[in-house]
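Each of the two complexes below includes chain A, the first together with chain B, the second together with chain C.
== the complex of A and B ==
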């Protein structure tokens, strides 16, 4: 692979990260409010005896450099980003944002990867079969509710599932990532704990998978239409190849490429797509962390989450750009 | 310059002729076409049904109880949706067709007031987004050069960013702890509502600019502005409408998302806020299922209706799609 292609992609990645972290730095500072001062004033208004809020705010600003000019804060923030130091949470003091993210992000990533790959495989196959066997009526009947579902956001469908399966039929838990109050949990070497985690993950996963099936199926169906009309399909038919070979080796393989692009782009978005699902199911992932940080104006945590999610998207795009020429030989490295 | 008499005489007769002509030439084929586009009909039907329910609610729901209270028609129903007005957490029964919530709101009244509020956010944000997007699209397509390049780079880099999170940052910094008003929400969402329409419309303008009738108009001396408004706009309208409908759905999606995270208007009973209060007070754990079902059903009807409509409009805009189905 030519070096200048890799270098140009890498520099695009770095520029994106630079822009994203600048947005993350400047946006919360538009209003010019001091979250700590707000917090202390709020506490004082509630009747706590905070005597000298101004001095406390000043001490805090001094310690973390919030009283310095904006450009100095910006330089400090960017140096922190380079060292992947996202600062400390105000509310969960003295935990760092990195620690908080490390506690939560694996829940989100595991749930996201599982649902994404499952929906991708099932949806793509469904779309391909839908076009391959056009005369089968029952497939169309099956597809219309799935397509309609794709218009509904994940978390709303999650609420519907929650109402039906947890509230009415009590088959699944109403909230959480695992049952609380059991001694010794979380314990990842214990099979009953893992079973419990899977039991809790079923409904959140189902809500994502069922909603996203339709999109994958429609994309694949559209590509299959074009692929079926290609000359090599006619030739394969003329050669008398079995239907199965034509479907998998000639049809799916050639129609897959745009689906792969979609998959890579979705990979970068898994965490942000799940935020609201986690809120609905009180899942212990990043979404739960974010929804706790928002009402407490815990800016460092909110900024950290947004930055990590932007990083994920940029990283997925970079990896896609780097491996795409390996999948599709027609693409030239120098383009773009 | 024409004489004034000529101006006053001509449009009257022309107007009458045009009214009949438009009916024959435009409306009848339109109705005939609509019959062949079940997606558009389905979407319009769903949204129209919802609209009629809201209007009916405003006109008839419990208006007698409120006659003594000094408020307008809007104020009357709105008064019913205020917290702590009714008994909290009552099952649906005669007095309250959909029950009341934990904070003592009549849920049917909340739905009647909240549905138009949620739509309002979607419509304002989408109107701003499509408006800005269209201006940028024409600028980019007509100016070309570095203007086009700058607009394209900004649009391309904004589209893949997870928009909800940027909105979270903006909303938290604008008004921490108090929440935004309904219109402020709409403006915040419109900040990220223009790149999609800008990209879609730009590519259409580029294609359309090379068409024969535009060339024709240019050669017969029509000004650029005349070409844009008289020749291209009518032909662009299905695309603009399709991207407007998609933007409304996107804006409502973003607003409900922000509200569910607790960044919405705390004092307005929008659909998203109703969902937020449900999550916030763990209503299902307390068994208040009647509080959660209505907003979900209405939002799903909204999304499915808008989705069907935009799919139907796509078919109007790209006639080639018709053959495929």
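== the complex of A and C ==
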């Protein structure tokens, strides 16, 4: 067992997380805004009468520890990170960041994972076939709109879909993760609820899949061109292997290796990639939460979400590092 | 036109048994924007069972193009524009794709040029030997796992490799070892014909010799014919029984190897051999002046005439071909493309010095 390799990768992972958490801690504080003042100002703007704001801020500062030296706050934050305690939100008082994440993150992960894998598999196959069978005209015809779309941002295309299919034709819902106001929902054991969720997820998923398809297809096609020209391809043909075997075991198997790296990196970017899509579709994911938290300087929430993003990327990289030697023997489980 | 198709039949009635490979007027052209490149033009020869043929020529003379076309492995824009290729009596150009696939490896196998990258980097050697066997054996006749493993070990041993190589990946092997694996794959189904396209081009001379000895040993044991494509005349002299010389898409000389070296008939072959260094003679090497012609618009008449020492009355060649050069009508050299004729038994030459044809 290559323990050295696993330990070195794990330590890289931990170091990454440590550095990322530190950045996450300092970044929102650069703005110099005090979240409590923001909160109180918001309350005031709503017309509430606030007496002696300064005293209230001071009291809350005391409670949250904002009046302590930065290094003490930092130590407290890092201790929390180790215990996976991300603190309490100020605007969603008294919910903890963990609770907020638990409510939202599964929506994002489910949508992100499904769309990512779907686009990856379909796009990769399309690219591979496009190069392998140059005479497949219908694929060529299909590629031009897909390539055009890949230059459009997710959210913009999402807006177009929303306008067309929800607003004009009313085929899909305008917002949300499921229909509100139905008694007993959300209920994950109820099939009509699950159907409703899928119905709501269709447009957001479509906007992501259609836009990212082109990238995967072009990447794979390029790699397939290179792979087709390799000596082992000619040798495979000289060995009298059937076309199918050559396509999958010689072509795709080799051309896919760089795609796998791309997949792992995209895995880490699932949450951040979906932020704006979630805003457009008012999807109950992490993105909406983050967009609320940033203008209000809700430090704990921003820190928590960004920390989870960093964790996702680092985790994806770690997993890739661990499985890559299994799919390509040239990469060894050695130090490095 | 007297070509390979009639000559061997006269010698041997049982054509099918005697000749493993019969190539007749094979034409392989490249369709390019600049025009049709006649990379292989009207090439004919036959190869007997168990015979080892060498095929030499300069880069761009069409030897590799022809070798690939024999297995129908030529890629667009190359097309087989005409002719016939018969392997043990079966016309390869008439087979459908699936039949051709079955024929590859089983009847005609390739030992590739530069074995460095000819193995799939992501699979073990074992799997790469087995997949060739597997796809040429009906499912119900496929050996069981144990027997397949034994066969793999047997093949590896036959090319001088240890059984442990089976579980290695290509990047763990040296260049020589990879070429040996390629030999093991090529011989895994005991083909009638092995096509070796510069099999030792990237190897040092010691390994080169080992590989050629292994190839020779396997070939003799299986009674397979070999077509060895290359440009190393020394290697050819050691290995081949017969030698074909290609120039600008034509086969210009085809004869038993000793005859070619002792008494080359074509001026190009003559120059090729006189350009070889001699261990007993100290002196400067002579090459062949000029470059091979473009095949888009080949020179009119004989394609070699712009570089031909006889046509150009080269001083150093005054003493060569003295008895017949007087009969050469040099007008023919610039107007008529000479055909490959059998001027003596088993001596084929395409040159106007040996008689006129049209």
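The criterion applied here is as follows: the second predicted complex is superposed on the first by the 318 of 336 C-alpha atoms of A that agree within 3 Å, B and C clash if a C-alpha of one lies under 4 Å from a C-alpha of the other, contacts with A are read in each partner's own complex, and residues count from 1 in each chain.
Operating definition for what follows: a residue touches a chain if its C-beta (ideal position, glycine included) is under 8 Å from a C-beta of that chain, and two chains touch if they have at least 3 such contacts.
Given the structure is predicted, the values throughout are model-derived calculations rather than measurements.
In the superposition on chain A, A:240 contacts chain C only, with no contact to chain B. With both complexes superposed, B is the one of chain B and chain C in contact with more chain A residues.
Once chain A of one complex is fitted onto chain A of the other, the partner contacts of A:146 are absent, as it touches neither chain B nor chain C. Contacts of A:230 after superposition on the shared chain: chain C is touched, whereas chain B is not. By the touch criterion defined above, A:269 lies against chain B but remains apart from chain C after alignment on the C-alpha atoms of chain A. After overlaying the two complexes on the shared chain, residue contacts for A:309 are found with chain B alone; chain C is out of touch.
Once the two complexes are overlaid on the shared chain, A:167 sits against chain B while remaining clear of chain C. In the superposition on chain A, A:57 makes contact with neither chain B nor chain C.
Considering their complex, residues 16, 19-20, 23-24, 27-31, 33, 35, 38, 42, 148, 150-153, 155-156, 159-160, 162-163, 166-168, 174-175, 225, 265, 268-269, 272-273, 275-276, 279-280, 290-291, 294-295, 297, 299, 302-303, 305-306, 309-310, 313, 317 of chain A touch chain B. Across the complex, chain A is touched by residues 71, 73, 101-106, 109-110, 112-114, 116-123, 131-132, 135-136, 169, 171, 182, 185 of chain C.
In the complex of the two chains, the chain B residues touching chain A come out as 157, 160-162, 164-166, 168-170, 172-177, 249, 253, 256-257, 260-263, 275, 279, 282, 284-285, 289, 292-293, 296, 299-300, 303-304, 306-308, 324. Contact residues on chain A toward chain C in their complex (touch as defined above): 230-232, 234-242, 245, 249-250, 253-254, 257, 327-330.
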